[in-house]
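Shared chain: subunit A. Partners: subunit B in the first complex, subunit C in the second.
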Partner chain A sequence: MMSDLSVTNDQAFDQVVVDRRWLKWRWLLLALAILCFLSLMISIMIGYHSIFLVPSRIWAVVSGDENTSKLEKIATNFRLSRAIMAFMVGGALAISGALLQALYRNPLAEPSLTGVTQGATTAVVVFAVFGPTIPNHLVIYSVPFIAILGAIISTTITWFLANRVGKVEPLRLILMGVLVGGVLSSATIVSLIWAPDTYANDLIAWLAGSLAATTWEDVRMLSIALLILTPFVFLSVPRANLMQFGDDIASGLGQSINPGRILVLFTACALTAVAVATVGGIGFVGLMVPHSLRWFVGGDLRRLVPACFLLGGALVMVTDFIARNLSSRILMEITGLPMDSVTLPVGIYLSLLGGGFFLFILKKVKT
Partner chain B sequence: MLDYWTSLQPPTRLLFAIMLMIGLILYIATINLRYGEPDLTFMQLWQTLSVEVKEGEDDLAQFILFEVRFPRVLMSLLAGAALGLAGVMLQGSLRNPLADPSLLGIAQGASFVVAMSIIYPEWLPDWPLPILCLIAGIFTGAVVLITCGSIRSTIRIILAGAIISGFFATLSSALILLAPYDRISGAIGAYLRFTAGSFSSAYWDDIYTTLPWLAVGMPAAWFCARSLNLLQLGDEMATGAGLNPRKARFIMILVALVLISPVIATVGPVGFIALFSPHLSRAFIKTGNAFHLMLVSSLAGSLLIVSADVVGRLWLYPIEVPAGVWTIILIGPVAILLLSRKLKRV
Partner chain C sequence: MNVSVKPVRTAAISASNIDASYDKVKILKQAGIEIEHGKITTLIGPNGCGKSTMMKVFTNLLNYQRGQVIINGEDIAKFTTRKLALELSILPQEPITPPNLSVKDLVEQGCYARVGALGMLKQQDHDGIKQSIHKVGLSRYINRDVDSLSGGERQRAWIALTLAQNTKILALDEPTTYLDIGHQLEILELIQGLNKKDNMTVVMILHDLNHAAQFSDHIVVLNDGKVVTSGAPWDVLTVDLLRGVFGVEASIIEDPVHGTPFIMSHKSILNLK
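This part shows the complex of A and B:
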């Protein structure tokens, strides 16, 4: 009788703890959603040429009111498509990072550090420079497939190089990923030598991760791709969740290891590859976002993944907002040097930020 | 065969290895001198080389040989020797089989300075490029070592180096994107070639820039060999033998940077040479003796680069591929494979 009671007490206690976590998570999710909405509004309201749009005008354009000027329409369209794109890319990359970290049981795993991003970009550039010419309207839909293929190939290579002793150690995997990524990005730069000079400039900007050329067609492509990948994410999350505990426990809890692993790997690679295919090599989102969120919501992927989607989206959206508005005119005034009047791609800001973040957490990882 | 080779005395192996490498280098350098536009026969090459250059004489073959191909071959030999030697120094002093200028971020730091000097020369002090590269290299190396705290963890250092090299590569591409069109027009291709490491624009000037640095760096490296041998025994043993490991390390890294900087400033970082040639020579002469390793590794570096340059120049003729591209594409995967095996227990 006593023991029964204590068990129920324990269970009740567990229930309360778990509920509290989920409750906290709900509040966090709400806060993140508000953050996303605010950053979306700001990115649409403020932009180049000092065209300031108040929310009522934005609503007028979006709802198809006839009573709007051409300028307002263009500005809203341009900024809205770009912000949505940034949001989806950031969300996809952050989820991919969270899945990779669970899969490799490695807090440093990140698409751009495990060879996923480089595989995708290399495949796309090599195909663009040497591949057969494909009709213009098909390019946008064929690039993601090439990117996914490249990402999967290079991830597999990295995995096999790191997996020589039957066990994959955290830093070793990242080392091999960085080395494979290094060779691949040299191969990318090399193939640029064969590209004509103007084309090379575009590809360099794309490689750095730029949202500047976003069109509604890109948005449509990426949202279709993400919709297709959503069931994969839903299937991956419980499997990846068990993988965090290691192979023994995962198989003990009734999971077959290899099919689950392949599914999670494919989902992570595909999420990164479709994002890379549209905007180029944006790195470190998958490292920074899950890391900072794990501090709030813990390691459970059921809570982590939705939060990652929102925070990753917000991060890229805000960074892109800064990148878009910090024109070279400001840099020119600071440095006093002549510069082309351009804005730098968002990927440059993110990789400078993420590099610092990586060095900061590198010290804390135990070998 | 292998048993017989290992049964030989180390000096015999060294002598044989040196002779073999010099023979191969001479053979490949001759190929590099002979072929191209125009092709020369061996006799023509010999005659052109042995006849004094006469003033005012308009001999195309002679001009090309002396002004284009000869400095190019010489530069590739010098660069290879410097990088091979620097690789031995870096790997020995950091006790890290992966130490390499491009993996430690030194190469990208220096490349960033080179990009700055092309696009915004007014922002840099008016010093020779190798000195600027040296300063950038010292700065990058210091940042890597400070972020890691110690040199104990092989992989951690390389990861910090890789991230810092990514950092500088990002800054370089930001620079290229920001550059006004009149300063960069036509230079993108040249810069891309440079970042890969190319000998297509190596002339006598570059050799005159490089030589004084190597004249200082190579003897200095030779004097470090004893300390390098001691460091292999571990810091405690080295201290027991009367060496200050910290100071020795600092000096050795500095010497390695002195060897690397002029090469990066003139032809660019030729990838994986400094990583691969020490491993190649260690596997070949089967010794850890730094004196032997230094000799063979610098020859191996020269051999690798001159072969890569021949391949880059003649294989896809008339398209010329930078030598550094072939070293990265051909040596890179092999090096990674070997290292992943070697790092089993790290």
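This part shows the complex of A and C:
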């Protein structure tokens, strides 16, 4: 079939075609990896109580050197677990956003704008308040499942509401996502009223998206969850790639639409849900990261998704670093509120950043 | 007038007695068509006659209520989506071009059915992709974003995607929509070349009857969900047909260059029908 090429005069054919996108992508991944490493180092070196750890001391603690002080051990463990957590959460949310954008064919699709995040948080709160009591040591491993279930239910509702005569229109989807998210947020607040005072405050802090309570057990749980989800991501990427072209083309290229859609939707929901289960409602990472990467590495998810993982990780790590080190004196001066010795959760900063970014995109889309 | 076609095992595509609905409205009523191997077949008909629905039915994009579709001698119901994509490639009308996707990224997706989902994770750098892009004359733009190309170039990129699928049958729904006359001819000549040089079986939908006459071996006319007539351009395109099906008063002359029928339309008589 591929014969007789001499007739067409297409001179560029004989030239060796350098695939600039993939070349650029490799350099970008390297740069992002360096960025992640640097943010990790800074996150561990600088922290509370002005305890400054030089890399050699960090290494001493990590490698199990006996010759370290208790303070160094605590600081390193605390900051390291928190930074790793931030990295994994950011990476998962960014990939989730990239997959949702391909699935919904909408650059604004984002876990917190399509009802995914709210589904996960609401399910967790409702379960915590009304659900059966479960043994303490099992809580950490059951929450992700509840969050995944909630995310899938709310996404399915959003999808059906947005679906009209077999077509999901992008704008309608966002509107329905905001609607479902809004209703679920109210349900969350109503549930909180019922919550016993003892953990209502914990739940509220969790809802704002905080990394402050991170333990090594959280890190272990999330890394196991992400390891389990990795093959799902691998399977989702080529399918989501085809979905960007619409159902007819994806089907014509050989993809069964419904199984593919369910797989990608499940993967995106589960990635957001496991992140939310551990750190609460962190939004806009899935919007900002894929968007800023797309113009650089292109829309092919085979390049976009790995880059999203690294940049999403770095973004949340750096934002959390700022969140916990921004002096409360500065916050007091900006807000005029008595906020002495208060640190705001990372979710607040990401929402502020994401809100601005969202406006920026809307302006760009308009023109 | 309804010509019922019995399925013939040797045809590339054979659809018979098809009833199909779209949005709960019955579009096709007992319609049947036959697409021959190695030929260019064009579906024509007025708006809403069921051309696109017919194409969706025999490319498995739409479920039909009654009838039978046979692709290369096998019932379409026996094909998986993937297996069908190895026999037949489809270019729908006005495909969505995602942002920031290079020509190469786009065309690589054509390998999906052959290499499978996990195979797509590797960078697909087969000669097939390069040749597909070369055939449509876009090698210079291989790294350019598809959405930054002009309408004609973009359509050629989409055709390259279907070529990378490496199938024997190519189905195109109005491949010349929104293109100026020069680019319309360019696309049609490209399609004709694929048919002549690579012996591809082509089935397409066109609105321009003169283009249909000039480029087709075989024309199928649909009206009101039924196949009215089919055959070679000179046999099918008659003054009576244009009056009865399209509601146009016209005369037909011979194209002095190609020897094909050339329609000069004079007046709409739709309000008289």
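Annotations
The definition used in the following text is that the second predicted complex is superposed on the first by the 334 of 367 C-alpha atoms of A that agree within 3 Å, B and C clash if a C-alpha of one lies under 4 Å from a C-alpha of the other, contacts with A are read in each partner's own complex, and residues count from 1 in each chain.
Just so we're on the same page, a contact is a pair of C-beta atoms (placed from the backbone, for glycine too) under 8 Å apart; a residue touches a chain by one contact, two chains touch by 3 or more.
Quick caveat, the model's predicted, so the values are computed rather than measured.
Once chain A of one complex is fitted onto chain A of the other, the partner contacts of A:Tyr199 are absent, as it touches neither subunit B nor subunit C.
Within the superposed three-chain model, A:Pro345 lies in touch with subunit B and out of touch with subunit C [touch as defined at top].
In the superposed model, A:Asp248 makes contact with subunit C only, not with subunit B.
After overlaying the two complexes on the shared chain, residue contacts for A:Ala208 are found with subunit B alone; subunit C is out of touch.
By the document's definition of touching, neither partner reaches A:Trp59: not subunit B, not subunit C. Applying the stated contact rule after C-alpha superposition, one finds that A:Phe37 touches neither subunit B nor subunit C. Of the two partner chains placed by superposition, only subunit C is touched by A:Asp19; subunit B is not. Within the superposed three-chain model, A:Arg239 lies in touch with subunit C and out of touch with subunit B [touch as defined at top].
The interface of subunit A with subunit B overlaps its interface with subunit C at residues 165. Note for the complex: subunit A touches subunit B at residues 161-162, 164-165, 171-172, 174-176, 178-180, 182-183, 186-187, 189-190, 192-194, 197, 200-201, 204-205, 207-208, 283, 328, 331, 335, 337-340, 342, 344-345, 348, 351-352, 355, 358-359, 362-363, 367.
Across the complex, subunit A is touched by residues 98, 102-103, 120, 122-123, 147-149, 153, 155-156, 158-160, 162-164, 166-167, 170-171, 173-174, 176-181, 183, 186, 188-189, 192-193, 195-196, 271, 319, 321-322, 325, 328-329, 332-333, 336-337, 339-341, 343-344, 346 of subunit B. Subunit C meets subunit A in the complex at residues 23, 56, 59-61, 80-86, 88-92, 95-96, 98-102, 104-105, 109-110, 112-113, 117-118, 120-121, 123, 125, 127-128, 130-132, 134-135, 137-140, 142-143, 145, 161-162, 165-166, 168, 193, 197-200.
For subunit A in complex with subunit C, the touching residues are 1-5, 7-8, 10-13, 17, 19-22, 102, 105, 107, 165, 234-235, 237-239, 241-242, 244-249, 251-257, 294-295, 298-300, 302.
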